[in-house]
Amino acid sequence: MSIDAAAATRDPASSPEPDAETEPVPALTVDALTVRFSGLLALDAVSFTVAPGTIHALIGPNGAGKSTCFNVVSGVYRATAGAVRYAGKDLTRMAPHRIARLGVARTFQNIVLTHGTVADNLMLGRHSLTRAGFTATALRLPRAVREQRRHRERAAEIADFLGLGPAFDKPVGSLAYGDRKRVEMARALCMEPKLLLLDEPVAGMHPTERVAMAETIAKVRDALGISILIVEHDMGLIMRIADSVTVLDFGRLIADGTPERVQRDPAVISAYLGTPAQDAQDTQDEGTQP
Amino acid sequence: MSDTLSPDVSPPPTTGASPDGSGGAAGRRSQAASRAGTVAVAVLLLLVLPFYVSSFWLQTGLFAMAAVIGAIGLNLLSGTTGQLSLGHAFFLAVGAYGYVWLAADPSGTGSAHLYGLGLPPLLALVLAVVLAGVAGGLFSPISGRLRGMYLGIATLALVFLGHHMMLNARDITGGFNGRSVPALEIFGFSFSDTSPDGLAVLGVPFGGLERLWYFGLVLVAVAWLAARNLVRGRPGRALAAVRDSEVAAAVMGVPLSRYRASAFIVSSMYAGAAGALLALVFKRVVPDHFGLLLSIDYLAMIVIGGLGSVGGAVAGAVFVTLIPHLLTKYADHLPLLTAPGTAGSGVTPGDAARYLYGAAIVLVLVFAPGGLAGLAHRRPRRTGDGARRNRRFPLRTRTTSDPQGVEGATPKEHTP
Amino acid sequence: MIKLAETILNGLALGSVYALIALGFVVIFKASGVMNFAHGSLLLFGGYVTARLHDTIGFLPAVLVGAALAAALAGLVQLLATRGLRGAEIHTLTILTIGIDVLLSTELNRRVGADFLSMGDPWGADVTQLGDITVADSRIASIAVAIVVISVFFAAFRWSRWGLSMRSAAADPEAASLMGIRLDRVRLIAWCVAGALAALAAVFLAAFPAAGLDRTTSQIALSAFPAAILGGMDSAVGALVGSLVIGLTAAMAAGYQSELSALGSGFSDVAPYLVMVLVLLVRPTGLFGSKELTRV
Amino acid sequence: MSPPPTQSGSLRITDLHVTYGRSVRALHGVSLSVPQGGIVAVLGSNGAGKTTLLRAVSGTLALHRGTVDSGTVHFGETRLTGDPARSVAAGVVQVPEGRRIFGALSVEDNLRAGFLGARRRSGADRQAARDRVFALFPLLAERRRQAAGLLSGGEQQMLAMGRALMAAPRLLLLDEPSLGLAPLMVQRIASVIREINAQGTSILLVEQNASMGLALSDRASVLDVGQVRLEGASDDLAGTDEVRRLYLGESFEAGTAGQGAVSAATSATALSATAPGLTELARWKG
Amino acid sequence: STKSGTGTDTAGSDGVKTGPGVTEKTITLGALTDLTGPYASLGKSIVNSQQLYADQLNASGGICGRTVRITVKDHGYDVQKAVTAFTETEPNVAALSQVVGSPVVSSLQQEIEAKHLLTLPMGWASSLLGHQYVQVVGSTYDIDMINGVDFLVRKAKLKPGAKIGHVYFEGEYGENALAGSKYAAKQHRLSIVEQKIKPTDQDLTAQVTALKQAGVKAILISAGPKQSAALVGTAAAKGFAVPVLSNAPGFAPQLLATPVGPALEKQLYLVSAAPPFSSDAPAIQKLAKDYKAKYPNDPLDTGVVSGWNTISVLGEDLKAACKAKDLTREGIAAAHRKQSKLTVLGVSFDFSDRAKPSTYQSFIQKPAKQAAGGLVTVEPAHEVPAARTYPLPKS
């Protein structure tokens, strides 16, 4: 299935109905967010909104503040000023694990996995969805056992979905880079997120895997109806799966809109893309090749 | 051992180059079968031992059992959660003295008047474990926010403060002379020599040690299984995540401070149980036993055994406890030694025993760097990330990431 | 007043010796991530050598030889760690030092026996009068030496090639070796430095008013741990201030123990640890320790 | 076996076999050479063995429990035998995968560390080297006091290259320098690589971003599951449609699951990349 | 099953009732000592002199025709090791000729009483009194201190109301001594300034400063040799020339070789239950000679005398038990309790009352570099009335 097909699946007709009974996912509103690191202004009054059920791209030169933005949304960093509103709460006031419980999941720019098998990592993703405490687990109370089994099945399901089925019981350490990146994605999905933050999901991946990953991301959005905020330097990918794009430069927002609009924005070109002529030659997977 | 979270001792995976996982699974199954067999044999052996060996062996064995329980606990803390602790001896002391204080009858025995609650021993034992847990909990402000060597030395303080308390809270501890330990008694069945029922099984007089032996076995079994379940279950995964990357753990919904504290509490409770059992074997608790050396011994146990693996902790505990006793017992028979009382300043058996003990440690580490558990199954492992060499046991703090304000407890703050 | 002054001076002297020990302990830790439980034995070894030699070759040479041999011994441990335990993990090496300590302490205890070995130091039992305050010359010497040694050390740590190599190696061994840094060598040097520092400390520990070097001298190494931590492990000022605070606390708590009797007798021995814990509660990485900086 | 005498600055890898931990065979019989002053690109999917190849040259395999079973690596006359320090001394410097900068050290100290292994060691040389780096990456000059660990991904990549350049290498081993870089930055790095090369440094360039790799290099080899699959002049390779399809990622143009499957077959370690296309994921109820 | 419990009493062929540890040929005694830990040197001396005694005894025909053997177990001051060592040796010994380490003794007490095993601890705390089977040989620390304070009062001409310092180890030894000094102080209407220290303390400057500040006229110290040396050295350095009186364990001849040696000779006094080797009592001279002959390069320290004292007492007990044809443990213990006026090394003991110290006498001595064992007698064994009136801490 080609990306365009994936794009096509965006219109409700062909997309699998997001089942009615499940509540709609909330929007994420970043409002005048400012982060200062001793003198350095990493984010400068940045505002944008991730509409429910859309794929929203956050792009910009290195050091623009994209990851910082992720870190604030997921509660790892604290904002100097501004707010991040989600499901009626201000995330800048919350601890990471609370934010996670709201259904916000993320991946990391540089892979961060724990030791142990793929299964272990995915089950970690289920942490806030499961209850079994120290006592229950130590005594192997039936409910703990049952819970574990149920969630393990789901984790396996998700692993299959990402093509990690065969690796489910392997130590992540023995996997190649691309697979480990997918494990991270799977772990995030295991949190059954309503909002998924992906920090450079295809960086360092092989082109064919990029296609697959792009499809996966689009499919996740369609199948689960969740919103996705993605940081990626692969413009080809962004152009095809993003519904809207926000561009940062030196912590300031320099453009916001549909991929097509943003791509033509001269500010973006000079700050980030470089001249379109060069794209074809130097930047990877540029769609605009002659 | 599959009851582990450390890749270097987990079942052999099929390498990246062959995408089928079945081979490993099969191997695991047969491995499990054979292990079940060996376990069965071992258990049988342990059950009949009291009928054959002298009290020296039983006593040493019981000391080993206590060590096993304590080591499993410390391993949950240091191996699984990656928190270094030199304060284990303190929590053993809490368990030991806790039991005595709770079980002793108020009238008090020995030199001065000593307080006691005179609870039924079994209840007292359970409460002593809880007490140790509470002590661990009280330490959570420290254990919750300190890391690596800072935590290690901070826990070291516990040992000294504890010793100070043991010496000064005389009404409870009996001071430097310690106080005697009320014998265990479960539903009227006493675990002491002095019990009137001259119980004898198959012609073997069943004294306190014989009886305690089986009690010890039960404790160990419970401790072992509980730990295995923990490590394999939800809490175990969370703790391992805290060890490997606090940011990831927090973002996955793990409340860091809470889990760090919990790990400390659980390991303290194990220590408490160990301490109580120790007290029962000693028949008397004295402060000097619960010193720094004891803590260091426990550290040695879990590393020699193989960090992160419950089975390893057991092996290590037995090694560290048994070897010195055996060496001192048999040192007299070694050649070329000047027996005490003979002229000349040659090597006495005592010295020889210590030399051999030191050598034993060194050799074990040289031949089994991954710990005794590692010996069970060596396998290639991808040490892809350079950090991982010193990740599982953050003696070196840089590997335990410290993103600002990840802890739910502490307010978020800026990076400097 | 005089009491206070004397107590403080006394604390400073104590602290300066702690600083020497703590520094070595921390250097090893930074270079190879190992907590050296054999540090006390190293200290005793260095002192023992000095004590045995000073009669024949004189004090200074004896100290130098002692330091050199202690350094060599420490180096040997590191060699065993790298050669013997190729690719073992940090904590394994830590436990290795326990094994080494058992061996070393047993041997030294046998040799030292019940003796009190004097260092043959030039200060002997001499004292100096500062107004009404009497100070043993050995104390003044220890303070002076410690300050010099420590400044030199940290200058090296910050600016020398070795210092940089060491910090790099500590940060990321593989990357460091890609820069052409020889990890083994860097660590070796670190261990040697630590050994020498310990030997130096031994001299002052055994000097008057202490009765001389005896088998229990090594236990002082323990008292230095809080000093190492309190200041924060990666700062010059830290090591000094930490040691001084610990030294002062110990001296004060001892000197005023009748006033402190409410806290239980023998409080002076735990006071340093108490102070350390309190400080760590407020500053988890010590007074001057730099915060862990990481990001994702 | 000693190779025929070559120019001092050239790298010759002959029939290299590498395994990790005695069992994972990462390279089997790879031969490849970099002429003095040349740029050679190594392409290949994930797990093909590219990084392993570089580790074999820089001598860091041991740090990963990896061993060279057979085959030789020569740089000029000197044979490189798994000792990083010697490789660096010979003038071979690697920029590792994932940057691996010294997070706790300042940017400045990172650069100084890069100079530690340099052949010429005078203070003047260091000044010169540093100025050169700052000229290439002005941004580093701005951040020189910042702790390197706090730099952004791209900034870290620049620092990693800068650090390597401090040793004034004769051969530079680059492991995916474009990873995680903004398009503009990719162009920047590309031109930097050209510049370095123009200044006389030979370069062995490992890239996922084949378009960049091929554009930069004179010759290129395609690794696959530890073996050289294709080898030749970069322009020719860029012409072959297999390379176009699999490595130039034109699948975005005509991408089909079918081609995905092909590539999956070629890359054994990357678990079937198309699997995602096959299974569906439903919402979790409960 | 092949398991043997503790041996049982039997009647030997020669009509002597024997118990555990006694066979037709041998009588086995046990020694739980410290040869590798902090008290290794003490332990060594004790073991040596007890072995010396046993050899001489056996040379003169042994006891009831049986040779006396001593099984020595080293516990390195580790309670756990000690307890297992006890469990191991207990079944085959008739009595324990020495147990080093007060925590060890405390943790073994119940067992000892249960097994009726006569035990001679190498500690002189009065908390060890009052047990049927545990026997302290010699005056206890508190009694020594009472005698010592009396000496100081005379020596330093202390007026009522004067202050004396007492620097003492935490733990049994120090605190028992403190109890004595406090009582004596009360008697002489003096006041005590306490300074508690730990065995690891090297440097007593702070304590000395404090004592000097408090203006004490004399200092008592109940600690180890190192601490006494540090104390005297520091005091001397401060020109604080008050007399210092130490318990027996607070001195070692090796100290005299250190820089503080001279100061010690000037200021230090020692109160001890045993005579110094320099005393002209023939028994001592003989012991010194024999010991040096057998162990040429081991020092003559207090351990030698204490070891000799205890084993001599035990030897006499065995002889008495032999006469009574009862070498069972009970027999030995009974024989021991009958000894009401036994004299060893010029000190007379009375073991009939388990609750009382076996003697109230102590020697006052002072260091002297050239003297054998580094000590000379200042006042021979004597006791003061206060010692008798002193209420022993009841146990």
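Labels A, B, C, D and E are assigned to the chains in the order they are written; within every chain, residues are numbered from 1.
Here is the rule we use: contacts are C-beta pairs under 8 Å (C-beta built on N, C-alpha and C of every residue); 3 or more make two chains touch, one makes a residue touch a chain.
Small disclaimer: the values here were computed from a predicted structure and weren't measured.
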item: Least hop count linking chain D to chain E through chains in contact; value: 2
item: C-E compared against A-B, more contacting pairs; value: A-B
item: Nearest-to-centre chain - CA centroid comparison; value: B
item: Maximum centroid distance from chain D, chain identifier (CA atoms); value: E
item: Whole-Å gap separating chain B and chain C, where each centre is the average of the chain's CA atoms; value: 30
item: Chain centre separation (chain A, chain C; CA means) in Å; value: 50
item: Cα-centroid distance, chain B relative to chain E, in whole angstrom; value: 38
item: Computed distance of Cα centres, chain D from chain C, in Å; value: 44
item: Set of chain E residues in contact with two or more other chains; value: 36, 44, 170
item: Per-residue multi-chain contacts in chain C, two or more chains; value: 87, 106, 113, 170-175, 265-266, 269, 293-296
item: Shared-contact residues (touching 2 or more other chains) in chain B; value: 15-16, 19, 167, 247, 345, 351, 354, 381-384, 386, 392, 398, 403, 415-416
item: List of chain C residues in touch with chain D within their complex; value: 87, 161, 164-165, 167-168, 170-182, 290, 293-295
item: Residues of chain D that touch chain C when the two form their complex; value: 58, 60, 63, 65, 84-85, 87-89, 93-94, 96, 100-105, 109, 112-114, 116-118, 147, 149-150, 163, 167
item: Footprint of chain C on chain E - complex, ascending; value: 36, 38, 40-42, 44, 170, 193-207, 209-210, 213, 225-226, 229-230, 233-234, 236-239, 252, 254-255, 257-260, 263, 299, 301
item: Of all residues in chain A, those that touch chain B in their complex; value: 36-38, 71, 74-78, 80, 92, 95-98, 100-101, 105-106, 108, 112-117, 120, 123-125, 127-128, 130, 132-134, 137-140, 144, 148, 166-171, 173-176, 179, 187, 191
item: Contact footprint of chain D on chain A as seen in their complex; value: 1-3, 16, 18-19, 22, 37, 40, 59-64, 67, 109-110, 150, 154, 157-158, 160-167, 174-179, 189, 192, 200, 203-213, 215-216, 219-220, 223-225, 233, 235-237, 240, 271-274, 278-279, 281-287, 289
